[in-house]
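First chain A sits with chain B, and in the next complex the same chain sits with chain C.
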Partner chain A sequence: MPPRSKEELRREAAAKVTGVLVYPSDLQQEEMLWVEVVRAAHPHALIKSIDTSAAEKIPGVVRVLTHRDVPGLNAFGIQLQDQPVLCYDRVRYMGDAVALVGAESRQAARRGAELVRVEYEVLQPLCDPEAAMLPEAVKLHPGGNILHQGHFTKGDVEEGFARSAVIVEDTYQVPMMDHAYLETEAGMAYWEDDVLVVDACGQYIYRDQTQVARALGLPLEKIRVRAPYSGGAFGGKDEITVQIHLALMAYHTRRPCKMVATRPESIISHTKRHPAKMHFKTGASRSGKLLAHQVRIVSDTGAYASLGGPVLNLMIEHAGGPYLIPNVKIDAYAVYTNNGFSGAFRGFGCTQVCVAMESQMDRLAEALGMDPMEIRLKNVLHQGDLAPLGYPMKLKVGIEQTLKSARRGKLWRERRRIKNQLDHHSPSLRPYIKRGVGVAAQMQGLGLGVGIPDYAEVALRLLPGPRLELMASTNEIGQGAYTSYALMLARRTGLAPEQIELKVGDTKLAPDSGTTTASRTTYAVGNALLLALDRLEERLGQLVAEKLSLAAPVRLRLQGGRLMGESLQIELAQIVDDQGVEAKATFHLPVQDIELGDGLPHLLYSYGTHVVLVEVNTLTGEITVPAVEAHLDGGKVIFRQGFEGQSEGGIAQGLGYALFEEVKLNEGRFLTTNFDTYIIPSVMDVPYDMRTRPVEVKEGSGPFGAKGISETCTVGVAPAVLNALADALGVRFTRLPVRAEDVLKSLGEKGR
Partner chain B sequence: MKVSVNLEINGRPAIFEVDPEERLVDTLRYKAGLTGTKEGCGVGECGACSVLLDGRLVSSCLVLTASVDGCRITTVEGLAGKEGLSDLQQAFIEEGAVQCGYCTPGMLLAAQALLERWKRPTVEQIRQGISGNLCRCTGYKKIISAVRKTARRRAEKK
Partner chain C sequence: MRQILGRRELEIELPAGATVADALRAAGLPNRVDVWVLLDGVRAGREAPLSEGAVLDFFQPVGGG
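Presenting the complex of A and B:
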């Protein structure tokens, strides 16, 4: 790889390697209070009484707040406000907040929290989503326990199955997964004049502002939300975490208030990846053409809605993979239970269904005696084709290119040789080591989908110097978006990245650029900033015309420190004074012209094919992953190092999903509350041999041809692992994660 | 009861009055103002709070401040010299070993310690050296590359 120029490196990296960057958990102020949350003692119970008197007597405790102290709407939720800020009549999961304690020290706040006495009438928790769906089940919410359901039919699946030469059918189960960002939920709230400022981890500060204002009963302009650089998010900081609680304590005490979740509190209280049970039945012709696909999904959304509905819709949208299927029937349910609560997580529903769909594709290939790569290539969508749900794929479809890139890749091309490469083991062990190579292909909707407002507004200010300021509200959560913004501005203007300043993540300074989710920020903010640059140049053209007394505005382009017209060149300083010249623009993400549900479907997709090599010790059941290849179409790459980094991190998370990670609950109580029991991949579990091949299918509507990458880079990893395990062992696993004991058990069963 | 503790943090002497149960991570973050040291789990599993204690890599969430009287501590804030970033910090930037950056301080100290132990570490030795430090963003590859690059540069200098 050629040496990278300085501007292609992460902007804030120096502040991160020196430890000077202030994260939400690092915020401190004079006279600040520590806030601790009293959480539910049972996963399902009625609250009979709350007594705060003992807590209030603890030295250092300044204030204890309960539901009586919520001045506005005592509820929050991105779509449906069904989660209490502070519970009053009932608790529905172990993370439910019942009271807040503000104290001079963290110890005093903790001591106070222990002494808040809540009397409960304990109820039987609802832990089985199938049982919770039954009409006789106790209702967790007034509308019943089915948060959302989707039913879709295209063609006639029965007729399709009747024509099929092979049909494969199974039930797949995927676990609850924790985001496990290294920085837990944290922040600080304080008054600045008569505005309440909330500095906290977040992924959409304008929506956080709305949610805080609504709960406090204050007008929006009285709430300023900022989201400093935070220590990872992956969707887990999309919903409200600490913001309302912090604001509430600061509102009542008029003092700066700080919260940092402990790791167990983080795992218990925030959203998760939805556990799901998925029944898939797929039929194909003798030649391997998909003919019919029938799917039933039950997604456990836990105690509250958050984004459980849209996540289910993405499961429906992506349940047929990136394939052409004439007959499709899908029935899907998102069900309330007392099992924690689930919401947004990188992949957003696609992760779950891809596990099932890509297993199905391999099973069809096996049943037909076809090559797994060939059966996929035979069925992939092309531009103009109808997606599984029947709408046309209007934009360029890169799935075929990613598959072909994977087929050319070393792991696939040389898989027979690689599978027999066991020299690193002693001769006596070799017979017990099995290697396998698996592939998985997928597509991932980009942006929020049809029907959900999805836009990015940004502002630019050009100053003499030259200096260009970008105001955008989206957040840097590790993904590298801010570096991409600066690279796009630099590329378009000829300015050096250090001449570009970002004023970001602050409702006071930046307009609403939308969510930092759904792989959307490079695409959405990138398009918005290019539009704003056009406007800025128009404005400069007017100013030049005025200065030179020309009849009409001049068409100009900003080129470094100069303005270049067709017949003139002007130094910026002659036109722009210290006030600067500003321009704003809003980019609306293009959407499909049919709407099948909330956010369903998408117009834009990213595509990916993963190839995974696994090695299994059949004596111990131990699984290792020596190599992974990712062939990804996120459009044209803007920030190469960030692209690769996302991909490699996405692979690690996918391996965690496949092999290690499961939030375990027993009767609604969490059994895995820290990294000693909730195991995320360490460096020992992730191969150094990870290759990322950008398959750059230029997206015409994207900034410099770019789309997004942050989800498609992880979704295909787990099913590719399952397919590699099947290749190695001849055993098909249908439940994640696959652990050593599962391998041994299955080999034992196979032997019998 | 408070205990008086003398420490040398990043080459500078410091005295703290602490409760006997106060953790070193809290002393560093909330008394010394060195918030570069992070906390990720509180039980010594993630390595975000890693510091060097008399040159040895420790999880500062598992160390009681009162127990390390007279010790030398290096935190991430002590890695850069007067002439700027250390070679290791520079390599982390160049190789893209930093994403959200929350594991980075601990990772740098683990890398610093392993480079003391092995001058030209293999990939396996690097893995061993940072195996106590979790990262959720990078997949570790670029971190390993940054350590390898630093080792190579140090060897070339000699």
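Presenting the complex of A and C:
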């Protein structure tokens, strides 16, 4: 959809389409060194020795660094620092870094990296999470192989199952998924006087600054981190990627240092969506009311913690979907293995469990002879209800509205006609084409949840012109955040978006606005900037009172270039000089008053219902998706084009999860290291007919009633595809991705 | 942080003119760059001065979804 007005045009649109925008991988400096990483040769091995002498002799190689050159803590990790910056005794996955080579050219750096001799004692990799949980398994970390576990009971599931008229039960398996952002991990580090500057892709520059400072043993003020516009992140750049390695080489060589990961290196080294095995058992009454729900999840977190614990907690929180269930029992484990390394990914645990839960809902409907939409509507949560884990849904709950919007939508309303619409195929082929329509509903926690400090601090500076500057540290990763900030400021002040300047994504210029994750930035930064505007107007009221010698400050509102009071109107230029007027504010995200675990539960949620049409050629097994509808409640929409962009990208990513994408490993070694084997949807696979319906349930605590959209827009897509496939074929797939060969195999089993 | 301190909350008496760094020392927290401090709800540097009744939150930067 085109922007509805010039104001709604994405701020960086022109720079992006004309190619002048500088991404981290575009950064260049005089005298810069290229840095290459020597990665592990085995998924699990002891390091016996590291010999850098041959590499150091390569012409152009300036410096080779090993663990001995890490001046501070040789470890990093968002939650636990269990991953070495450079490995010294052991490697635990193929992406582990053992040495860094800095050279005058990329070729020399690569040649040097090839010649770093590492002697290993190869160990058997631990690849089965269930086996890794056993007490006799080799320990990958001192605390054992269970990174985190959660056990939760509400009511009595056995009694609930005993009362159930129908029970459905199965094991669902979801694959490891790569974020497949257009731009791989990249950046540059260099000295600016005595401050080490790191310009790199990232999702929380203040935390990156801390992780870099800790590894280098430098105080925070000696490290400046900036996040240029980045070519996508989706959670995959939340953890440290290139930042510490770049800083370390610049620290030792005093020269600008550049890194750009190749695609295979990116796929092997950065975090992934957790593969998981999920056993779900759900019981309902004859009338379709959910009575009992029992879940066991084993999530494979790979070699290091990153955010494996919090992701598991979100799986637990969302395993019951957006439904009222009286009896719930959940046992969940996040387990270390030598299978790569998993962490944050758009949907953050909700994506995995939604595949299982929404399949269960359709199976219950089928067993009871109910309409899939009706069984969901019969069980959805309302404000005041107790969520599956037993805490109250205190704020407005939009799930019913999204389901009803979907029920009114064309795909669902006319599904019988649409399923028989096969005119685009030749008459002889038509008998072999099956169409199906599926639905999935879900909710997604917004923000970091209870127990994790979650705030956004921003600063504003009003200058003559008028010009309004916003300083915020959250950064643009393609989601449209900067345009949303400018639209909110413009809407509140009457200034035009071009009168608003953003000084963002820089620890030197902007205060700590928190993470660029968890669907939180529109809500958190939006609230903070509105608070800061209140403060700014208070300050202007004081200045006006001083100027006019009034007894008390005046209540003023900034409106375009003027300050409007009840009985006065002042041109800004009379009050604001070139120094400008500043104000700061910090917004704390509201949280639940009970705490069930790190970030568990949330108070705020976004809601969504997806409806998907699939078409299956039963001769070839080929699956196509002609149409998808997304009915999304992210509160009031601030930036309509950005909202639709998120939704359509979320649909494509969800289709990738359902039908295409799987990072495959064999004994800890990656088999899919580029887009020739790791297949993502192309323009031929994404439907032309994508419709996004904003279901704007105004959130009272949100800026202009807004919440967030960036995860809920993708979570429901894959289960809706599975439900559509079941509708088309009468076959229930429980393992993603579903490919043509899976279709043919299942039809063979069914006896077509 | 709770594990490091061994408890959820503590009260600290400090002389006038004390800073965040003094409070960290008094709390028995080693001087680590990865311990962040909120002073009355706002991110504060080590040199920030404390006033009577100041509330400090010590934490490590995490994240989540």
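Quick note on the criterion: the second predicted complex is superposed on the first by the 748 of 752 C-alpha atoms of A that agree within 3 Å, B and C clash if a C-alpha of one lies under 4 Å from a C-alpha of the other, contacts with A are read in each partner's own complex, and residues count from 1 in each chain.
Everything that follows uses one rule, which is that contacts are C-beta pairs under 8 Å (C-beta built on N, C-alpha and C of every residue); 3 or more make two chains touch, one makes a residue touch a chain.
None of the values given here were measured: they were computed from a predicted structure.
A.B. asks: Once both complexes are superposed via chain A, do chain B and chain C end up clashing or fitting?
C.D. replies: They fit: once the shared chain is superposed, the two partners occupy separate space.
A.B. asks: Thinking of the overlay built on chain A, is A:232 touched by chain B (first), by chain C (second), by both, or by neither?
C.D. replies: A:232 contacts chain B only, not chain C.
A.B. asks: I'd like to know which partner A:581 touches here: chain B for first, chain C for second, both or neither.
C.D. replies: neither
A.B. asks: Is A:674 in contact with chain B, with chain C, with both, or with neither (first, second, both, neither)?
C.D. replies: Touch partner of A:674: chain B, not chain C.
A.B. asks: If we overlay the two complexes on their shared chain A, which of chain B and chain C does A:627 touch? Say first, second, both or neither.
C.D. replies: Neither partner.
A.B. asks: Is A:375 contacted by the first partner chain B, the second partner chain C, both or neither?
C.D. replies: neither
A.B. asks: Of chain B and chain C, which one touches more of chain A's residues?
C.D. replies: B
A.B. asks: In degrees, to the nearest 10, note the angle that opens at the C-alpha centre of chain A toward the centres of chain B and chain C.
C.D. replies: In the superposed model, the angle at chain A is 130 degrees.
A.B. asks: Taking the superposition on A as described, I'd like to know which of chain B and chain C A:644 touches: first, second, both or neither.
C.D. replies: first
A.B. asks: Should A:19 be classified as contacting the first partner (chain B), the second (chain C), both, or neither?
C.D. replies: In the superposition, A:19 touches chain B alone.
A.B. asks: According to the stated criteria, A:726 is in contact with first (chain B), second (chain C), both, or neither; which is it?
C.D. replies: So A:726 meets neither chain B nor chain C here.
A.B. asks: Tell me which partner A:311 touches in the superposition: chain B (first), chain C (second), both or neither.
C.D. replies: Touch status of A:311: second partner only.
A.B. asks: State the minimum pairwise Cα distance, in Å, between chain B and chain C in the overlaid complexes.
C.D. replies: Nearest C-alpha atoms of the two chains are 19 Å apart.
A.B. asks: What does chain A use to touch chain B in their complex?
C.D. replies: For this pair, the touching residues of chain A are 4, 9-10, 12-14, 16-23, 25-26, 28, 179-184, 229-232, 234, 260, 262-263, 477-480, 641-642, 644-645, 647-653, 674-676, 680, 682-684, 686, 688, 690.
A.B. asks: Where on chain C does chain A make contact in their complex?
C.D. replies: 32-34, 36, 38, 41-43, 57, 59, 61-65
A.B. asks: How about chain A: which of its residues touch chain C in the complex?
C.D. replies: 78-79, 204, 206-207, 210-211, 213-214, 218-220, 235, 238, 307, 310-311, 313-314, 344, 347-350, 445, 448-449, 452-453, 455, 457, 511-512, 515, 517-519, 586, 588, 598-599, 711
A.B. asks: In the complex of these two chains, what residues of chain B are touching chain A?
C.D. replies: Touch residues, chain B against chain A: 29-30, 34-43, 45-46, 48, 75-77, 79-80, 85, 89, 92-94, 96, 98-105, 108, 123, 127, 130-144.
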